[in-house]
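I'd like to ask you about the structure that follows.
Each chain gets a letter, A, B, C and D, in the order it is written, and its residues are counted from 1.
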Amino acid sequence: MLSEHQIQIRVGYHEVDSMGRLYHGHYFTYFEKARLELLRASGRNYRDLEEAGHFVVVTQCGCRFLAAARYDDLLTVRVVVGEVRGARAEHEYQVFNQDNLIALGHATLAMVDRDGKVRRLPPSWRTAAPSGDDPE
Amino acid sequence: MLSEHQIQIRVGYHEVDSMGRLYHGHYFTYFEKARLELLRASGRNYRDLEEAGHFVVVTQCGCRFLAAARYDDLLTVRVVVGEVRGARAEHEYQVFNQDNLIALGHATLAMVDRDGKVRRLPPSWRTAAPSGDDPE
Amino acid sequence: MLSEHQIQIRVGYHEVDSMGRLYHGHYFTYFEKARLELLRASGRNYRDLEEAGHFVVVTQCGCRFLAAARYDDLLTVRVVVGEVRGARAEHEYQVFNQDNLIALGHATLAMVDRDGKVRRLPPSWRTAAPSGDDPE
Amino acid sequence: MLSEHQIQIRVGYHEVDSMGRLYHGHYFTYFEKARLELLRASGRNYRDLEEAGHFVVVTQCGCRFLAAARYDDLLTVRVVVGEVRGARAEHEYQVFNQDNLIALGHATLAMVDRDGKVRRLPPSWRTAAPSGDDPE
């Protein structure tokens, strides 16, 4: 699986708040889109994973906002997969507006089954882990 | 079941567009909230209905927008159940900002099963239909 | 200006409801995105229009839903500009999932100034109108 | 100004993801609603503040998710104002589903003017600060 990927997202007209700034809650949606596209670019598909009974949930996330984005700005959202261990994976995100870094995010994802019970990541999700680490 | 109901909704900060107006797509969310609360006020609960395998889908909807609403406005959303026949129910909606009517909406709902197949409304959903009509 | 245009939108993970269907309110967001991209493909930009003090508001809209879309489906959204007269323009929308038409929408847009007063469309918006009609 | 407040929010039908869980990005919207209602309960109104040229932006935020919430759950969202210093205020959030704590959040807010320049909080926003601290 790829360990990083980037996509472009154009800020939607309905995604701004009354100051005309991209609403802070929507950055988390952009992060998610980036990680789903990383998966697709790796030849995998999250929907298939769900249909096979594997679900990914966000157990924590956060973001620092450095500058505002506005309606119609074309942003670059970059995701970097960090430590992957057992049933958890760390992700870092960077959002750029042209050359300006405007936000830094992170999320911890956990893999669960249909009943919400934590289960280990399949080997194909753990390519970022050092070899020898975390043997099945 | 009640044939009409009204609720109050305060326009959220993230629900406006870059003109500062309640985004037009969100009115349909407000309508839905009104009809779910009508159900609750009738002593029923849509979640229970879903858990029993009955799902309600919107087959068509529309809205006329007469005036804008702004962040923090406290709106009154009124739902009136219209014709209920077989697996379909008509709803009308009115949105008021203080005393001003600002939007007029409508939706046609259909009851389906988990696979999306149309199925008749249970009798408890058909109280608005004239008696003798549409016998089970 | 172009009189029709189409874009592709992938259904987001957060855009479905608890049945796993693309939430009906989000179709209106997709329609908007299609008309903004029609503008961009015509060499214009809605943000510039707003900065010049022209705003477009939706005065009515509606949609018929023919089939459900699911998370990760790649939809084609087509917008066709209809009658453009004075300060109003009609738009029709079609949503396809692969080859299946899944939704038919429409919207009436009006041009207003910063205070919400209706004002005529600039000539560049009226290319769809028959020549001789609606002289400035 | 109050230093803490709590509100109830019922999870909307369109706010869940395809697993049927309240989408993680929406918690930040709930936090915002809680802090705006804290303001209202303190006899103030954020809209008035904006109209006076003071804007509040989120400079960082985060959340840990402990358990899922589902459509129709009635959640309690509690906001606690932490350190308020200069132009910044810290907020902590707790989300309960019945008696279960399901999420822990935080946000740092900064006050800016219409051009996004940081400006000190008006004294009325700083009641949580120890007296003698941060003199005007």
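Worth pointing out:
As a convention for this text, contacts are C-beta pairs under 8 Å (C-beta built on N, C-alpha and C of every residue); 3 or more make two chains touch, one makes a residue touch a chain.
Small disclaimer: the values here were computed from a predicted structure and weren't measured.
In terms of C-beta pairs in contact, the better-connected of the chain pairs B-D and A-B is B-D.
For the self-contact between chain C and chain D, the two sides draw on mostly identical residue numbers; the shared fraction is above half.
On superposing C-alpha atoms, the copy chain B sits rotated by 180° relative to chain C, to the nearest 5.
Compared with chain B, the chain whose C-alpha mean position is the greatest distance off is A.
Mean C-alpha position of chain B lies 24 Å from that of chain C. For the pair chain A and chain B, the distance between mean C-alpha positions equals 34 Å. Centre to centre, using the average C-alpha position, chain B and chain D are separated by 29 Å.
Of all residues in chain B, those that touch two or more other chains are 13-14, 18, 25, 29, 32, 70-71. Contact topology of the protein chains: fully connected, every pair of chains touching.
The part of chain C that touches chain A in the complex is made up of residues 12-14, 29, 32-33, 36, 45-47, 70-72. Against chain B, the residues of chain A that register as touching in their complex are 13-14, 16-18, 20, 23, 25, 70-71. For chain B in complex with chain C, the residues that touch the partner chain are 18-19, 21, 24-26, 28-29, 32, 50, 55, 57-65, 68, 116.
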